[in-house]
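Multiple structures follow.
What follows is chain A paired twice: with chain B in the first complex and chain C in the second.
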Partner chain A sequence: MVNVNYFEIFGLEEKFSLELNTLTERYQTIQKSVHPDRFAHASNQEKLLAAKKSTLINDAYQTLKNPLSRAEYMLELRHVSLPNEQASFSDNAFLMRQMELREMLAEVKFADNVESAVFEASQVLEVEFEQHFKAMQVALIDNTEASNKQASELLRKLKFYQKLHVELDRLEDLLFDD
Partner chain B sequence: MALLQIAEPGQSTVPHDHKLAIGIDLGTTNSLVATVKSGLAETISDDKQRDILPSVVSYQENEILVGDEAKSFSISDPENTIVSAKRLIGRSLADIQTKYPSLPYQFCGDDSHPSIQTRSGTINPVQVSAQLLQHLGQRAEQALGGELTGAVITVPAYFDDAQRQSTKDAAKLAGLNVLRLLNEPTAAAVAYGLDSKQEGIIAVYDLGGGTFDISILRLNKGVFEVLATGGDSALGGDDFDQVLVDFIIERAGLSRPLSTSVERQLLEQATQTKEALSSSEIHKITVPLANGDEWQGEISKAEFEQLIQPLVSKTMRACRRALKDAEVSAADVKEVVMVGGSTRVPLVRTEAESFFKQTPLTSIDPDKVVAIGAAIQADILAGNKPDSDVLLLDVIPLSLGLETMGGLVEKVIARNTTIPVAKAQEFTTFKDGQTAMAIHVLQGERELVDDCRSLARFELHDIPPMAAGAAHIRVTFKVDADGLLAVTAMEKSTGVEASIEVKPSFGLADNEITEMLQASVANAQEDMQARMLKEQQVEAARVIESVSAALSADSHLLSTDEVADIEKVLAELAKVSQEQSADAVEAVIEKVNVKTAAFAERRMDASINKALSGHTVDDL
Partner chain C sequence: MAYSEKVIDHYENPRNVGSFSKEDPQIATGMVGAPACGDVMKLQLKITEEGIIEDAKFKTYGCGSAIASSSLVTEWVKGKSIDEASGIKNTDIAEELALPPVKIHCSILAEDAIKAAIEDYRTKHGE
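Up next is the complex of A and B:
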C-alpha cells in the first residue's frame, strides 16, 4: 500500500464532489479494523503495522475530507504541478483585491460596531471564496490540460482566501476573548 | 487418572481467561483506580474502603508514604511532602517557578530536569507519579488477586508531548504495562457513551483541582472522535480556594507573608467554605489571629460567586473557542458531560447550562467518571471484548513544528489533527558547504520560537557539502496513538541517510529510567536480567498467540509451504522461550517477524477489504 490511491482506499470514485457522510463512515469502518487500539495486546510487529496503516488511513481521510486538499490531491494525481507559494502572481487584479481585503480586515477593530464589522467581513470573504471555489470545481470536472491548469491557479487563489479567513478568526479571538 | 487435554488444531492452548486490566485516573489532587468486573466498571477501594487516593507522596526518614497517610504531613512537613506533582511533571524548572512561585519545595537539578531535594534524597516529579501509580497498581493486584495485563492511564487532553512522555515513564517506573494513555474527557465520554448508544456532538467539561479541559467529541456508531480540545493546564478548583483565601485574608485584616501552617489552615477553611456553599447560602468562618484572638466572619454564596466569576468565565471562553475549532455551534451539542469535583460548584453548572442551553449530565460521580471510563477502555484493549465496536480517535492538542530562520516556527502538524499521524516537511541549507543542521522541535500555537514550548533539540551531521539550498533535508514527525512524538531527519538528495530519534528534553532518558528501575526499592530484589527475560517471554507468548490465531483464521492467504515454514519457526520460538536467554528469545521473535511480515500485511489489507465490503452490503 505504498502508492495507493486515496479514493480507492475508501472505495470511492475519483471525483471532486463526494458524499462526506459516506467518506466518514467508510473511514471509521476501516479504522475500526486497523487502529492500534485493536492491537494493544498483540505482538510488536502487529502494533507497528497497525500504527502504519492507521496513519495512512488518517492521512487519506484528512486529504479527501477538506475540499482544498482534495483538489490539490486530484491535481497531483493528474500530474499537474502547483505553482509554489513564492512564485510571482501574474493576476494583478487579484493582487489588488487581496490588498483591499487585507485593509478591510485591518479596519475591523476600529469600527463603531466591531461585532457587525467582523460579520460583514466574513460575509465578503465567503462570497468571493464561493465564486472561486465554484469555478475551480467546474475546471476540475472538465479535466482537460487547460482546465486543470486553471483549477490549479484557482486553488492557489483560494488558499489566499483561506489565509484571510484564518486571520479574521484570529482577530475575532483577540477582540472577543481576553 | 484424569485424561490429558488436547486443544483443537490452531486454537490457543491457553484457556480463554479474563485478563486483569485497570484504568487509572492520575489526578492533580486525587487519583483513582477502577476495573471491569463481571461486565460492570467500578472503582477499587483499599482495605479501609477508601477509593480516592490523595495524590500526595511524603518522603519520611525510613519510608515513603502515599495518599491519606502522606496527606497529614503536607501541613507539618511540606518540604518533604509532594502534593500536585502532576503540575510539575514534564515541565522545566523556569516554567514551574513562574507558574507556581510559592511552592514549599527545595528545587534542584538543571532547568530541563528539575528535581526536589527531600529527606530521602533528590526526587524527580516522574518518581512521585510513579509512587502513586505503583500504589494503585498494587491495590488492584491485591483486590483482583492476580497479575495485571495492563493499565489505561488518563491524562488531560491539553497535556503536551513532554507531559505525556513523562507520565508514560512514570508508569514504566511503576512496573505497569501501559495499554494506552487516554485523554480524560474521552474517558468520561466512554463512561457515559457505552451505556446509552447515542449519536451526535458531545461536550466534556472537566474542571478538576488543577486543570481545566474542554473537549468536543463526535459519537457515531461506537466511534468516539475528538473534534477539538482546549482548556488551561493551570486552572482548577484549587484556584477557587486560592481566591477565597485572599478574600479571607483581606476581610480578616491579615497581611502576607503568613506562616506555612496559617496558609494551610486558611486553605482548609476555604475548601470547606467552597463545599458548604454548594448547598447553603451562607458560611461562617473562624480564623486564628497572631495575637491569639480569633476573627469571625461569614461569606455568602453571592460573594463567593462574584469572586470566582472571572475564573468560570475563562472556562466558558475556552468552550467557545473549542466549539469554533470543532466547527460546530453550541446548538449542535447534544450532551454535556460534567467531570471533576469542581463541577459540583453550582455556579459552574448554571454557567455551563446557560452556555450550552441544556442541563449537563451529572449522573455518574464526577470524581469517578474518568477512572470508570478508563477501566472500560482497558478491558477492551486487554482483549476481553473481542467483539467490541468501540473506537477512540484522538487528536493532538497543540501544533508541532520546527524552528526556522529568524526564530520563527514552521508548523508541521496542526493542532487537532487525528492521531496516529506522520507528516514530513523538507528544509534546505542556508550556507554553501553547510554540513550540519540544528533541528529544534517545538509545540504550541504561536509564531515565535520564544512563545512556544521547546520539546527537543538535535543536530543532523554529515550532510554532504553542497551549494546553499541544494540539500533536501526531510524531517518527519510521527505521533502515535498515545500522542507521543518521534522526530527523524534525513538528507535525501544524495541518498545519504542520517536519522535520529528524539525524546522530549523534559522526559527522562531511557538510561535514566533503567537506572531508576535498578535503584528503586520495589525492584531491588528483581534482577534486571530476569526482568528482561520475562519481558521477552511475554512478547514471545503474544507472538505465538497472535500468529497461531492468524494461521487458523487466514491460512488461505498462504501457500502450504509458507504455512509449514511459519509453523516451524513458531515451534522454535515456543521451545526457546522455555530457556533462560533473553537474547535468544528476542532473536527468534525477530525471525518470526521476518517470516510473517508479508502475511501480516496481507491480512490487514484483507480485513480492510472485508470491513468495506460488509459495509457495502449494509448499504444495500
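Up next is the complex of A and C:
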C-alpha cells in the first residue's frame, strides 16, 4: 500500500479540478467496505489491515478534498521540490500587501459600521485569493517545469490568504457572537 | 502548550512596536513571512552613518512566540553594529525565550528579519 496514488484510490483522473460530490461518495463507499463492523469476526491481521486501509483512505480523502492540499499533493507527485514549509518567505511586495491586509482586519472593529467593514474586508480577501487561485490552477494544468514552479510559489502565497481567512472568521466570531 | 514566562512578558508588553517612515534614508526595513503559519513580520532598524543600530521597531502578525521573538530582537540589536547584529542566531533567540521545538521557526523568522533589514540597508547604501 506504499506509494498508492490518492486519485487512483477513488478512481479519479489526476486533475486539479474534481467533482467534490463524486469524491465524497466514493470515499464513503470505500470507507464502508473497511468498517470495523465488517471485520468483527475476522482475524487480528485482517482487522489490522482494514484499520490501516481506513486510515489511508481518510488521509487520501482529506488531502484531495481541500484544494490547497490537493495542489500540494499534485506537485509532490510531479516531483516539484516544494520550499521548506518553515523557510521564510521574502517576496517584499507580497509581504507588504499581507501587512496591509492584516492592518485592514485590525481596523475593522473600529469602523462606524462594523458589519459592512467585515463584509468589505471579506470581499477584498476573496478577490485576491481568487486571483492567486486561478493563476495556480492554470499553472497546474500547464504542467511544465516552469509552470509547476510557478504553481508552488502561488501555493505558498495562497497559504497566507488561508491564514487571513482564519483570522477573519475569528474576528467575526468575536464581533457578532454575543 | 505552555509559553515560557519570557514569551508571555514580551507578548503582553511588546517592546518597540511600531513603524518608522520608509522614506527616511537611515531606516532599513526587513519583511519576512512564514507560509506554514501565515505569520508576517516587519523589522525596521534606524542606522547611523557609522553603521550603528540606534533604534529598532517591529510589527508582527503571528503567534505569541513570533511576537516575542521580534520584540526581543529589537532590544538586542539596539546599540549594535550591523555586523554584530547580523551575528544574532535564531538559536540564541530560541534559547533566551525557551521556545519549544514546534516554535523554533518563529526564531528563524526573527533572524531572517534582521538579515533582510541589513540587506535592505546595504542595497540602499550601495554596498
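The working rule: the second predicted complex is superposed on the first by the 168 of 178 C-alpha atoms of A that agree within 3 Å, B and C clash if a C-alpha of one lies under 4 Å from a C-alpha of the other, contacts with A are read in each partner's own complex, and residues count from 1 in each chain.
Basically, a residue touches a chain if its C-beta (ideal position, glycine included) is under 8 Å from a C-beta of that chain, and two chains touch if they have at least 3 such contacts.
Note that the structure is a prediction, hence the values are computed from the model and not measured.
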{"item": "Partner chain in contact with A:H79 - chain B first, chain C second, else both or neither", "value": "neither"}
{"item": "Greater chain A contact set [chain C / chain B]", "value": "B"}
{"item": "Touching partner for A:K159 - first (chain B), second (chain C), both, neither", "value": "second"}
{"item": "Touching partner for A:R26 - first (chain B), second (chain C), both, neither", "value": "first"}
{"item": "Which superposed partner A:K53 touches (first chain B, second chain C, both, neither)", "value": "first"}
{"item": "Interfacial residue positions of chain B with respect to chain A in the complex", "value": "19, 149-150, 179-180, 220-223, 225, 317, 321, 324, 380-383, 389, 391-393, 417-422, 478, 480-481, 539, 542-543, 546-547, 589, 593, 596-597, 600-601, 604-605, 607-608, 610-612, 614-616"}
{"item": "Chain B contact footprint on chain A (complex, rising order)", "value": "1, 9-11, 24-26, 28-37, 40-46, 49-51, 53-55, 58-59, 61-62, 169, 173, 177-178"}
{"item": "Chain C to chain A touching residues, read off their complex", "value": "31-40, 42, 59, 61, 104-105, 108-109, 112, 116"}
{"item": "Touch list for chain A against partner chain C, complex", "value": "83, 85-86, 88-90, 92, 94-96, 98-99, 102, 156-157, 159-160, 162-164, 166"}
